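So that you can tell them apart, the chains are marked A, B, C and D in the order they are listed, and the count of residues begins at 1 in each.
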Amino acid sequence: MTKIRTGIIGGAGYTAGELIRILMYHPQAELAFVQSSSNAGNPIFEVHRDLVGDTDLVFVADPDFANCDVIFLCMGHGKSKEFVQSNDIPASVKIIDLSHDYRLKSEGNDFVYGLPELNRDLIRGAAHVANPGCFATGIQLTVLPLAAAGLLTGELHVHAITGSTGAGQAPSKTSHFSWRNSNVSVYKAFEHQHLGEITQSVKQLQPSFHKAINFIPVRGNHTRGIFVSTYTEYTGTIEEAIQLYETYYASHPFVFVTGENPDVKQVVNTNKAILHLEKHGNKLMILSVTDNLLKGASGQAVQNMNILFGLDEKTGLNLKPVSF
Amino acid sequence: MTKIRTGIIGGAGYTAGELIRILMYHPQAELAFVQSSSNAGNPIFEVHRDLVGDTDLVFVADPDFANCDVIFLCMGHGKSKEFVQSNDIPASVKIIDLSHDYRLKSEGNDFVYGLPELNRDLIRGAAHVANPGCFATGIQLTVLPLAAAGLLTGELHVHAITGSTGAGQAPSKTSHFSWRNSNVSVYKAFEHQHLGEITQSVKQLQPSFHKAINFIPVRGNHTRGIFVSTYTEYTGTIEEAIQLYETYYASHPFVFVTGENPDVKQVVNTNKAILHLEKHGNKLMILSVTDNLLKGASGQAVQNMNILFGLDEKTGLNLKPVSF
Amino acid sequence: MTKIRTGIIGGAGYTAGELIRILMYHPQAELAFVQSSSNAGNPIFEVHRDLVGDTDLVFVADPDFANCDVIFLCMGHGKSKEFVQSNDIPASVKIIDLSHDYRLKSEGNDFVYGLPELNRDLIRGAAHVANPGCFATGIQLTVLPLAAAGLLTGELHVHAITGSTGAGQAPSKTSHFSWRNSNVSVYKAFEHQHLGEITQSVKQLQPSFHKAINFIPVRGNHTRGIFVSTYTEYTGTIEEAIQLYETYYASHPFVFVTGENPDVKQVVNTNKAILHLEKHGNKLMILSVTDNLLKGASGQAVQNMNILFGLDEKTGLNLKPVSF
Amino acid sequence: MTKIRTGIIGGAGYTAGELIRILMYHPQAELAFVQSSSNAGNPIFEVHRDLVGDTDLVFVADPDFANCDVIFLCMGHGKSKEFVQSNDIPASVKIIDLSHDYRLKSEGNDFVYGLPELNRDLIRGAAHVANPGCFATGIQLTVLPLAAAGLLTGELHVHAITGSTGAGQAPSKTSHFSWRNSNVSVYKAFEHQHLGEITQSVKQLQPSFHKAINFIPVRGNHTRGIFVSTYTEYTGTIEEAIQLYETYYASHPFVFVTGENPDVKQVVNTNKAILHLEKHGNKLMILSVTDNLLKGASGQAVQNMNILFGLDEKTGLNLKPVSF
């Protein structure tokens, strides 16, 4: 079988690095090119320094659309739309966008929201996919089965703690090691930009839902991984809830419901999501752990690519967990 | 003025170490003895190794009640009651207990709950003080002003992330560096033992309160500090809320209301609590950061000692923040 | 081709976990059994909790020698010899021992020292392989080319900083998160047990070498990875040194000489070793970074297995770096 | 007694922050002003956010030399000389410079090198003090007694691991949390700029010394603290060495020789230095741990101030260790 020829636009950032790490060993794909305006001409391993010995590929200035089947847009929020509009991308080239530019439905936006656990069938036939946000992925996985069953009756109470890589590699006050190490802080409480796509997905499954989604995002003191806790009113038993979730995710190879409290390092460096449910009083609590750069970004992008091209969803994504 | 003669029971643990660190430089107190059954006869600095050069004191096997004015019980939960019952502690010796043994009111329990921001006047006249739990302190500080004003009308939604020292020095699976480093996990969701004292305090101020306190405690990837987020329904404006909190805490020298999102390292190695309030929709969010070993344990114990002996509350507690 | 049937003895520890993570996706190998006395009957994913969803295999009490081609001994130092002596292991079953029991040559010890960059040809024909220590691997890689060229003329000055997983999962004072986090400490300076195998290898290549190897091992504040700096007298130019190293390692697919200062995270979760050389005055400094659990343990064990069974050395070892 | 009126030039950086934290509770000193060009007019606690509630002082644009007895220059390397030359600083105002501008002796440089353990008597009578570098402090403390006894006969082999605050608060690639967390790396091996002052001090005590000082500086994965290991040839016994060091440091209140391997957190947030000695073969190894921001910078600056003004060296420096 001919390998899928992949191109990456904006190759110097974190999500691009992760895509390269996955695609260079993907059995059914190959890296046709990695574009980077700022690093054109430089070996990739000079930017992504762990790739010494893995690839001698060099960043290119201009994408070679003619020789690729799919491109991943990794340029950052706001720049994907600009890129798509200012480039003459052949219709034969599929697009997977990792920014938020196309996640929300709107007139003229033909991108399918690329959460396989919500939209797998739609993705299969799509030309363009908007890859979900990292918080948005971890949070949606905690509520999709309830929404699909029309069982969301109360407000959602969501708290999520993210690793530093979620904020990208641009240096800032809050990315400084001396500040962030051993620190915990909050930002954009109740107003995080991912609330839009979360709400959109919930309403897609349960259009009647109109309660508040209270979301407190926290900056953790680690690099990779998102820990989400969600709770909401639920009148069923815990057994019913677990069955609901297990049934919903039965056909989804990266999502697992477990009987114990999860921790972030169970999934770091994998594309997996591990869930855990508990009932306390009238509340159902659902926890999820994901790797923000994989299931929350580049791993999911490859999962989407696999679906787009009719491959097994897990192809190239049997990644060794780092575990420690 | 004669210095307060202090004794520590159970001197080898974390909270005892912190007490020693504070009391050895407290201008109005002196360490009369530090008791430790397991370390009797050994220099303190061999256990608390940062105290090399600070003190040559040696652990003693038996408390010398005759030569002290106050003892701090640092033996761990369940053991304080046992100690008090099996020892003939003179009535002249005040007791500050750092365990949970005496925090909940009950028949025959004459310990005052030692949260100065709630019970300062009661503490002043007390013989026995039950020092609050670390989570309990950080959480109560987020709601006391609302409760005092009778304004708690809805459920409390509480999330708190703690440093590892909150769990003490006994080695366990979840205290292993290889596991905990860069990890995030949850434990005892909705069922943490501190819910008892939190509820007790809220009802002390607002007896009508009978809503759920939903509390998710999280293990963070740092050693010191607790980050609390609480939110609940509130019909007033944010300005009214801030005024309510500023007024409530005006006379309390360790609690500060600030205009920006706080972070844990603002208070590490201090006895301070920093709060921040925001209004989102019909919710008031109150954040607090505290050091679990100081305002959440030993610092607060010394604050209580200061109150018990009529000293300025801050005496000996102008600690240099570590900041980084 | 029939897959290599592998068995793991002592399956609950860190190195066994890493072996499982590698072997479960190794294209030419399969896990025949994972033995653990303490966990017999339990699912592997209950111990190695990141393996949820990856394997449903259950620990067995007794090794099934009849159905395997190779066993990995992961029981800890001192126990391998005991196991080999007390079990009737068929001659057809190859043994790769991860302990130090068979690393030093002695009468009756038929284990080949399994550092492929030193002994690849010997390993190829071996029945039994003694997998090197983690420090020993990282350190030897910094000096093998010099020794092979007979150019070691002065003392070796070696400093190495290791992640916490090198010490295994048994809880101890120095593995406690509250102690180790943000801490740096030294242990067994000049007397580390790996000095034996390092000296043995150096003398194998340069029998005349009789200078001191000064080695200071340091406990770092991270979980995975060893950073080694070695320097020694060297009269050649830096260009000659680089050429010497590049030539030596040209046929070794996991070792790379780079032009920039390396950092540990370049190799974490990979089987690679990255070296860097500088000349200062009359000293040649050689740096190496490796992952103590992979190139320093389980990755190298699989590399040895590949060699033993005539596979490409890299088979199953194209691991996604964690990078952050 | 009138308090010493202190001024800080360049008040927004890390070392200035530490000075403020110490001086605000120093019993014999007061903060006359804190100057910052970039932050003039802003409250200090908006930059040093842990100072909320501790001080309402505001940064000033211009130093008020008339109302101060001593100024601390915290502007960064190269800028102190510029400041001193372009400002008309009254002769009555003592200067303590924390940059490297005046550390090396040269024609016209009247600054005394401010390492109290080397130059206490000279500092006492000085008008201007050049505060030592952080690495330089930790390293010199490991060799001063040997040099003073004329016992340095071989090369010095020095390895030191520093926390991130040593590099200041300017964001850079190597200060990014996502890179530095769990990472170890080296920089400026054999060429670090502190070698100049170290050599100068060693030769001050032992003018005959002319051997190489081999120094490998390492970036650790923590924020505060330097771990130094030094070894060199030594023909005496370990007992003699210990006695030599204990005698040398007997009158120096911040330096302690201990019988056990030290760790960095023993001294974090204190002005102490803890040493440990071992003899291996013909080598004497001397370890030191210090806090790079305190004994390595601002704590030592206050120690120097105390000496300059005839106070007990420890005044204001009985700081609570953070310990965890």
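As a working rule, a residue touches a chain if its C-beta (ideal position, glycine included) is under 8 Å from a C-beta of that chain, and two chains touch if they have at least 3 such contacts.
Values in this document were obtained by computation on a predicted structure and should not be read as measured data.
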| item | value |
| --- | --- |
| From chain D, the most remote chain by mean C-alpha position | A |
| Interface with more contacting C-beta pairs, comparing C-D to B-C | C-D |
| Chain B and chain C, separation of their C-alpha mean positions in angstrom | 46 |
| Averaged-CA centre spacing for the pair chain D and chain C, given as whole angstrom | 40 |
| Residue numbers of chain A (touch at least two other chains) | 14, 163-165, 178-179, 181-182, 222-224, 262-263, 265, 268, 324 |
| Chain B to chain C touching residues, read off their complex | 14, 164-165, 169, 171-173, 175-182, 222-223 |
| Chain D-facing residues of chain B, complex | 14, 17-18, 21-22, 25, 48-53, 163-165, 181-182, 223-224, 254, 256, 258, 260, 262-263, 265-270, 272, 274, 293, 318-324 |
| Contacting residues of chain B [partner chain A, same complex] | 157, 159, 161, 163, 178-179, 181-187, 189-191, 212, 214, 216, 218, 220-225, 227, 229, 231, 261-265, 268, 278, 280-281, 283, 285, 287, 289, 324 |
